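What follows is a single structure, written as structure tokens, with notes after it.
Chain lettering (A, B, C and D) follows the sequence in which the chains are written, and residue indices restart at 1 in each chain.
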Amino acid sequence: MENEDLTNIFAKTIEENEFMKMMGLEAVEVRRGYAKCRIKMDRKFCNPYGTLHGGILYSLADITAGFAACSYGPKAVTVDGDLHFLNPAIRTEYVYCEAKEQRRGNDLSVFGVEIMSDRDKILDTGTFTYFNIH
Amino acid sequence: MENEDLTNIFAKTIEENEFMKMMGLEAVEVRRGYAKCRIKMDRKFCNPYGTLHGGILYSLADITAGFAACSYGPKAVTVDGDLHFLNPAIRTEYVYCEAKEQRRGNDLSVFGVEIMSDRDKILDTGTFTYFNIH
Amino acid sequence: MENEDLTNIFAKTIEENEFMKMMGLEAVEVRRGYAKCRIKMDRKFCNPYGTLHGGILYSLADITAGFAACSYGPKAVTVDGDLHFLNPAIRTEYVYCEAKEQRRGNDLSVFGVEIMSDRDKILDTGTFTYFNIH
Amino acid sequence: MENEDLTNIFAKTIEENEFMKMMGLEAVEVRRGYAKCRIKMDRKFCNPYGTLHGGILYSLADITAGFAACSYGPKAVTVDGDLHFLNPAIRTEYVYCEAKEQRRGNDLSVFGVEIMSDRDKILDTGTFTYFNIH
């Protein structure tokens, strides 16, 4: 399967999932072992301090890394994932997340994630582990 | 301030925040250094496998621990937080989250979180660290 | 196999491993899904601030949880593990670590760890994930 | 202060600390916000499976990131740190660790760590958070 097809396949996954649509999630690029997604800043996802809720950022990270984990075919479920909130998500039109493969195993795969602003400022970093369901 | 007041104060925080309301979040109990919240299972928060999205569970955990972190007064921002997905959130009416203080510092506070089903089955565990803004 | 036997079996594991012996590790109690170990405070394991090195505490945690993970029989390797340093390890004769099972799976097991002083003050908390090698 | 001086300063820190010397730790390079250290593979630091103990790898990671955290001057203590064990440390003469600054704050700093073999194979990744003591 071509990489362009992969991006389209996950765009379709988003279309069929209510929560991903509600977030306004977009699949920017999906290749084997890699994914990039984005969401638009929206007041309705902000915490009382006016920055994006940590849970929205974590949703973006888990879904992006999940796309990368599923890019080889089998289903994958999240084992664990952490997020380090380095800088608040504020004053940016979009928030981008990239997931890069750190380990590809038969059973377990690990992805590093970075969340960035429009100007490529790193907002959050994290690591997500997936178990492949064969 | 009394503990009953604390629960009411955070119920009001929910009322005033669009994302928390959209999640259907309820503050069950907030005391100094402790918080318990719940959300109702809803198809619209489920992933393509039919279980609650990890990001919704993380939102629940971060907000619950954040209430516990703010229970002493000053504002607190999340430094980092991880979640271990032990069992899928499925076949339960509500999903509960408890946050218990592990460390209370002037600058940094740490909370252990547990997410449970109606029957007190542990679904997820995690640890969240907050920085107090004086 | 009886629990007393399990404690003895892991005491023998320590006897046969140079690093565990060097740490002065003792298996206090091992049951299925549970382990408790301890080490003696020693200047030679302290950092320049006079408290136990984080790496020694992590070694204690990973080995203790590893014993609990191996208490059912098959070998288990660490997938990941984190440690939160709540209070410095200082002014205690021994440092204790307890590992309690949070999830027992065919492939993946998860253990919560607590490191305590002589007076049961919690010094560190963490979560360790193991993959069972069948 | 020059970067060459920084490397020498931390080489001296190692000389004066019994545990770091016992590990055979070497400071390869320390700059502001960056550190690289290494240790030599040694049977006496291996677990019963013949690969380096997770606790030795964590010690290497925490000390390396700690050097980077202290490279600006003030003392720094570890808040938390996690390690993901991607590939076993085996069949390599040295094990290298690099710590790169992800966030530099007045109070809190965050470093990403990578542990590599002689041939730059990534063995472990992690994130360490430090609190600066002014």
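We take it that contacts are C-beta pairs under 8 Å (C-beta built on N, C-alpha and C of every residue); 3 or more make two chains touch, one makes a residue touch a chain.
All figures in this text were calculated on a predicted structure; none of them were measured in a lab.
Of the two chain pairs considered here, A-B and A-C, the higher C-beta contact count falls to A-B. When each chain is reduced to the average of its Cα atoms, C sits farthest from subunit A.
The interface formed by B-D recurs in A-C: of the pairs listed in B-C, A-D or A-C, only this one shares over half of its residue-numbered contact pairs with it. Averaged C-alpha coordinates put the centre of subunit A at 29 Å from the centre of subunit D. Subunit A and subunit B have CA centres that are 22 Å apart.
Centroids built from CA atoms put subunit C at 34 Å from subunit A.
Multi-chain contact residues of subunit D (touching two or more other chains): 79-80, 82, 84, 127, 129. Put simply, subunit C touches subunit B in their complex at residues 82, 84, 86-87, 102-103, 110, 112, 122, 125-127, 129. Contacts from subunit A toward subunit B in the complex involve residues 13, 16-19, 22, 43-49, 53-56, 58-60, 62-63, 75, 77-85, 88.
By the touch rule above, subunit A contacts subunit C in their complex via residues 79-80, 82, 107-108, 127, 129, 131.
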